[in-house]
Amino acid sequence: MRAGLEHMKPFLLLSSAALAASMASGSAIADKASDTLSVPFTKELESVDSYFNSAREGVILQRSIWDGLLFSDPETGEYKGNLATSWEWVDDTTLELKLREGVKFHNGEEFDADDVVYTVNFVADPANGVVTQRNVNWMKEALKVDKYTVQIVTNGPFPAALEYLAGPVSIYPNEYYAEVGPAGMGLKPVGTGPYRVESVEPGKHFVLKKYEGYHDSPKGEAVIGTVDIRTIPDVNTQLAELFSGGLDFVWGVPSDQAEKLEAMGRFNVVNESTMRIGYLEMDAAGRSGADNPMTKRAVRQAINHAIDRQAIVDNLLKGKSKIVNSACFPSQFGCAQDVATYDYDPEKAKALLAEAGYSDGLSVDLYAYREREYAEAMLAYLAEVGIKANLKYLQYSALRDLRTNGQTSLSFQTWGSYSINDVSAITSQFFKFGGEDFARDEEVRDWLETADTSVDPEVRKEFYAKALKKIADEAYWVPLFSYNVNYVSTEEVDFTPSADEVVRFFQVSWR
Amino acid sequence: MLTFALKRLGLAVLVALTVSAVSFSLLYLSGDPASAMAGESATSADIEALRRLYGFDRPFLVQYADWLFSALQGDFGQSYYFKLPVSQLIADRLSITMLLGVCGISFALVTAIPLGVAAAVRPNSFIDRTALFISVMGQALPSFWFGLVLIVIFSIQLNWLPPSGSGSWKNFIMPTVVLGYYAMPAIMRLTRAGMLEVLNADYIRTARAKGAGEWRVMFKHALRNAVVPVVSLAAVQMGFMLGGSIVVESIFALHGAGYLAWESIGRNDLPTVQALILVFAGFYIVFTFLSDLANAWLDPRIRVG
Amino acid sequence: MARDIDTLAEEIQGPSPAAILRRRVFGHYGLLFGATALLVIVALAVLAPLLAGHDPYAQSLVARMKPPFWMEGSDPNHLLGTDHLGRDYLARLLYGARISLAIGLIAALISGLIGTTMGVAAGYFGGRVDLVVTFLVNVRLAMPVVLVALAVVAVLGGSLQVVIVVLGFLLWDRFAVVMRSSTLQVRGLEYVNAAKAIGCSTRRIILSEIMPNILNNLIVVMTLEMAHAILLEAALSFLGLGVQPPTPSWGLMISEGKQMMLFEPWVIAIPGVALFILVLAINLLGDGLRDITAPENRS
Amino acid sequence: MSEEPILAVEGLTIDIPMAQGTLHAVRGIDFELNRGETLCIVGESGSGKSLTSLAVMGLLPKRLECAARKLAFRGTELQGLPASAMRQLRGNRMAMIFQEPMTSLNPAYTIGDQLAEALLLHRRVSKAEARARAVELLGKVGITAAGSRLSQYPHQLSGGLRQRVMIAMALMCEPELVIADEPTTALDVTIQAQILRLLVDLQREMNMAMILVTHDLGVVARVADKVAVMYAGEVVEQGTAKEIFGHPSHPYTQGLLRCIPVPGRTKPGEHLGSIPGIVPSLIGKVEGCAFRTRCDLAESACAKPVPIHRTQGGHAWRCIHSRTKKADTERMPA
């Protein structure tokens, strides 16, 4: 036993050397020689149709399969034309765009204003049930001016429009989409993007092929011929596949494993920060019950003081993660940093609890859907100040249902803002009386509304700051930390991550 | 034989109906499907509309009858998560689970029967003790842990077998071993016990007295009689195995019905879970029914007379 | 005299029942091993607070993933190292034994109560009662255990109590089957008829004539179902729908350790081996008890 | 007779290892059997009759230890014979009929299959030929509608019919030696006589040697050429039937003969004899006459090795008494 385990690691290295020498025995064809990049998805994607999923995996596919009207350069944040070539605000609520000519969808359908109009009008209609309404509900409708000119009309002034048009709003072929609908699109997606979809086995296997007829987009042409995506739910299995040559490229590797992989010297390990932040959502509004302890500000502040966020960042997240104090990611437009902060102070937390009438402690359910170990670490911190939290670990969709029904009093959430570098993508998402708003603070809502709809950046900043300050003062959330992502690949793969947590297959190449 | 088959068929149908009722009510109690379906921005009016649209406001029995009637026609409703017909989803995933089940039970039989026979031929010998040891180990090995250990050894250290997926026959080796090993001990023990009993039977002595060789005695005369209870056990185990493939499928990332079941439970995808419970129960029922028929066929005392 | 008096006496009278039992028990290595190992585990679980030296829930993020004593860099304060949150692995293992034993024992008691009641009723009364029980057993067997358990736990929420009750209500089938056939055997015996003849009440016949005679089978099934329940709990917890963290369930420890198993195999090796030994011990004990109480029915 | 005896057994011992020691189940027995002869081995349960016959067939369970100075079939020493050669003999040149017809046939196969197998194992014949032979033999053993019986399973036949099938099976290859181990014990009394008659007729017809193991002296009197009386693992007396019945010389034989009614000799209402006591344990070292614990004539010398008396006619008995008076006075009719 003793000798066996001691020799485990050298043996691992040895076997990897043997692997490098011989060919991989893994069944999947995954390497430079076959021009196939094999990658895993962690989640079973409910639908490939990007308007009908809310997963990171969906965003990744969306960027490869479809194009937006605009493109946002991941490095500079500058907007470039993609399916549109130029754009102009006609008034506060009307954006006119000239469309690129000669673009063809994967099925041969020609791209023109009809596609934009159909797509926008379809997704903007709440009755069609786009999953993330925030992405589309700012649009009122699209109007065709001529074959290559459209106008998008917004529901009131919406300064972040360009960010959304470069992000989640992708353009679908009108004839095809009208015929097959979201279900058909999910099974056989058609777009204009750098990759076309060769095959879809719902939830488990997707094969992308380079689209040879790709237009002259700022995204650039795809380099790798085939991207083979399999759903492998367990990171650990993903790594095992990486070792045995079944995968070329894995992301979202937890920091412990990433450190070990880096030490092996056999893989490229890159850490990049992301826009995703983690936070605890507390039922200040009493949606889950008016007598809920979370309705008391002192309790919420106590929880803020109880958790040693720095220790969690230093020991669990590592990498480029930082603690956050405001209810947004620091780089986002409007994310005010001069808000009330709560340092780790268990004594103060206990005092606050006593003040709220819980000197004997209290019991609460803590819901979580990812990073069970972070949640567990927080359980222990809460226990130290006398809050007995029972962990309820659910899948995301199940937890989302509970939240929208207002049944959670304390939950560990994360939000990646769809990589939109604007506070409207996060704070406004959660504090404007939506299903996931557990603060229900009218003042905050109104400030956010003002900021969201103003075209003056200074006004926006001012009102976002007001809202964020009140959120911090009232301790509606416990903002925890920003996430980082570890990207691990074989040495054959050349990839530079961007800070938006989106893997762009068309920018991956072989070394 | 025919009346026997019909009686068993009647029982099987009754069992299936009961299981369907149990599973339906189980999940019926689990909460409001309408709000689960409605999604993020739904208002209570939306949810109410959905409730009426899907008939969730009707009495329990009406809903059950309706569901059952559709289910009998192969329509299990739509998955809340994938928004696809459940029957299509399951059909899609079932082949892997079936393949796994067939491989698993074959592995179990192929290892358990010879071991059981060998152990019975020489009771208390080295081989008997080895067989006993293997079966005792198999009963105590947590299959999820065994699967992980196999991955560490055969995928990581030796790099012989792929740790996940279902693309090649190599993918099925480790899951087969894990699943088969789970069923093996019981089959082995029953084979051994059956052979021990049969080998003491007078007709074995008769066969020897005729001058039949040892192999002929073992396999033609003894095993044929000892195998009868093993067939029913194997069928039962096969049924269990398909239901138990959840663990194995999740470890080896095999996208079979078991894995779908696990994920669907987590996602509150009730129609899928309901259908899967019924499908797995159906398998068990069909297998036991078939094994009863096989038994009757193997044992002339039931078949004729 | 070549032979001593005892063996001579045995030859004439046959050995005393106690001597037979003693010889069988001490000649049965599986039984001895199982009983000893189980006793040791029970002792460790009972004495966990004295032996552990740490609170199994006390986390220390700066002292995470310390290796166990046989590896380099180990901390003598943490013999089996620490887990991913810096909790003492030995303490969690010892307290985990309590969880496993409690689940096994209580679940087996619940299912034993249900199954025995059904089995004895079926065997004793026969007729319609028997038909109904047999049918229920068939229904129960047709339900995929893991799937149903997962679904129920998902509905009710995972906790120790829920898992115990769910397992208790799912694992009664073997009790019912074995108790039914045992009762059938005993029912036809002379002394039961005699008890009936002198007008004993049904309750009395079942409790004082039948139960004592099927008790050995009951105990054997009890041990096997205990092992079954322990394994199932571990599997459910491993799948995330069993006992919830931070409870130190062994299944959960394996599930959590899985993250690092490629690099630090000991994190799954330790709870895995513990689980294996516990289940092995209980199974061997059960097999052994069956062998010594009914050697003619081995296997 | 110049021809080799069909079977010659000398000094056969069978030991059974047990937890408490070795059980000496058969201790040094001798006999010889020629073509066409019937040897009856008589004795009570546990006397080693069945073990002896199994030893001849080479069918003793492996854990038993069997040894003999000589165990020859037509001059071929059977001890140490390769298993394959032994198989060539079994069922082919020597065959056996067992006590329990209800369980001695394989329930999973038809009568036809099992009969044919006996022939197919030893002769290069087609299945059809084997079945034809089966029909022929079923006819011979008195089964009507033999052709349709072939496709029946054992559980569909009565005990008597099954035993007839067993006999037919034993005779499929026309063996030179048939060993019948209490072939009628398990049958109804009315059937017993029929089966026995059938067996003897067939033995004569085919000119086989037969060993008939039985505890029924009435049967012995009717069919035996030679008789061997076994007690506690030894042949205590053997000789021609005539001598055994005429001059029983061992006290045990005499006791046995007293236990059966003899037609014409036993008066109605007369008490039959019985032998008091139980057979001694054969575990451990057994010395002297095993019957001494139950023998009226036991003396202290009986505890020592017992001499064997032989007459010129081949009659032999194992007793310290040369020929007991009792035998002459009580059993010899005036």
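Letters A, B, C and D mark the chains as written, and numbering starts fresh at 1 in each.
What we mean here is this: a contact is a pair of C-beta atoms (placed from the backbone, for glycine too) under 8 Å apart; a residue touches a chain by one contact, two chains touch by 3 or more.
Source: prediction; values computed, not measured.
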Chain at the geometric heart of the assembly (C-alpha centres): B
By the contact definition above, name the pair with the higher C-beta contact count: A-C or A-B. A-B
Most distant chain from chain A by Cα centroid: D
Quick check: how many Å separate the C-alpha centres of chain A and chain C? 45
Hey, how far is the Cα centre of chain A from the one of chain B, in Å? 39
For chain B paired with chain C, centre-to-centre distance based on mean C-alpha positions, whole Å: 23
Give, as an integer number of Å, the spacing between the C-alpha centres of chain D and chain C. 54
Could you tell me which residues belong to chain A and also touch two or more other chains? 8, 12, 234, 240, 243
Contacts with two or more other chains occur in chain B at residues 156, 250, 266, 268
In chain D, residues with contacts to at least two other chains: none
In their shared complex, at which residues does chain C touch chain B? 30, 135, 138-139, 141-148, 150-152, 154-155, 227, 231, 234-235, 238-241, 251, 254, 258, 261-262, 265, 268, 272, 275-277, 279-280, 283-284, 287, 298-299
Residues of chain B that touch chain D when the two form their complex: 201-203, 205-214, 221, 224-225, 298-301, 304-305
What residues on chain A touch chain B, complex-wise? 8, 11-12, 15, 18-19, 24-28, 44, 46-47, 52, 126, 129, 131-133, 182-183, 186, 201-205, 230-234, 237, 240-241, 243-246, 394-395, 397-398, 400-401, 404-405, 434-436
Where on chain D is chain B touching in the complex? 57, 59, 83-84, 87-92, 95-96, 98, 100, 103-110, 117-118, 121-122, 153, 155-156, 166, 169-170
Which positions of chain C touch chain A when the two form their complex? 57-59, 61-62, 64-65, 70-72, 84-86, 157-159, 240, 244-246, 256, 258-263, 265-266, 269
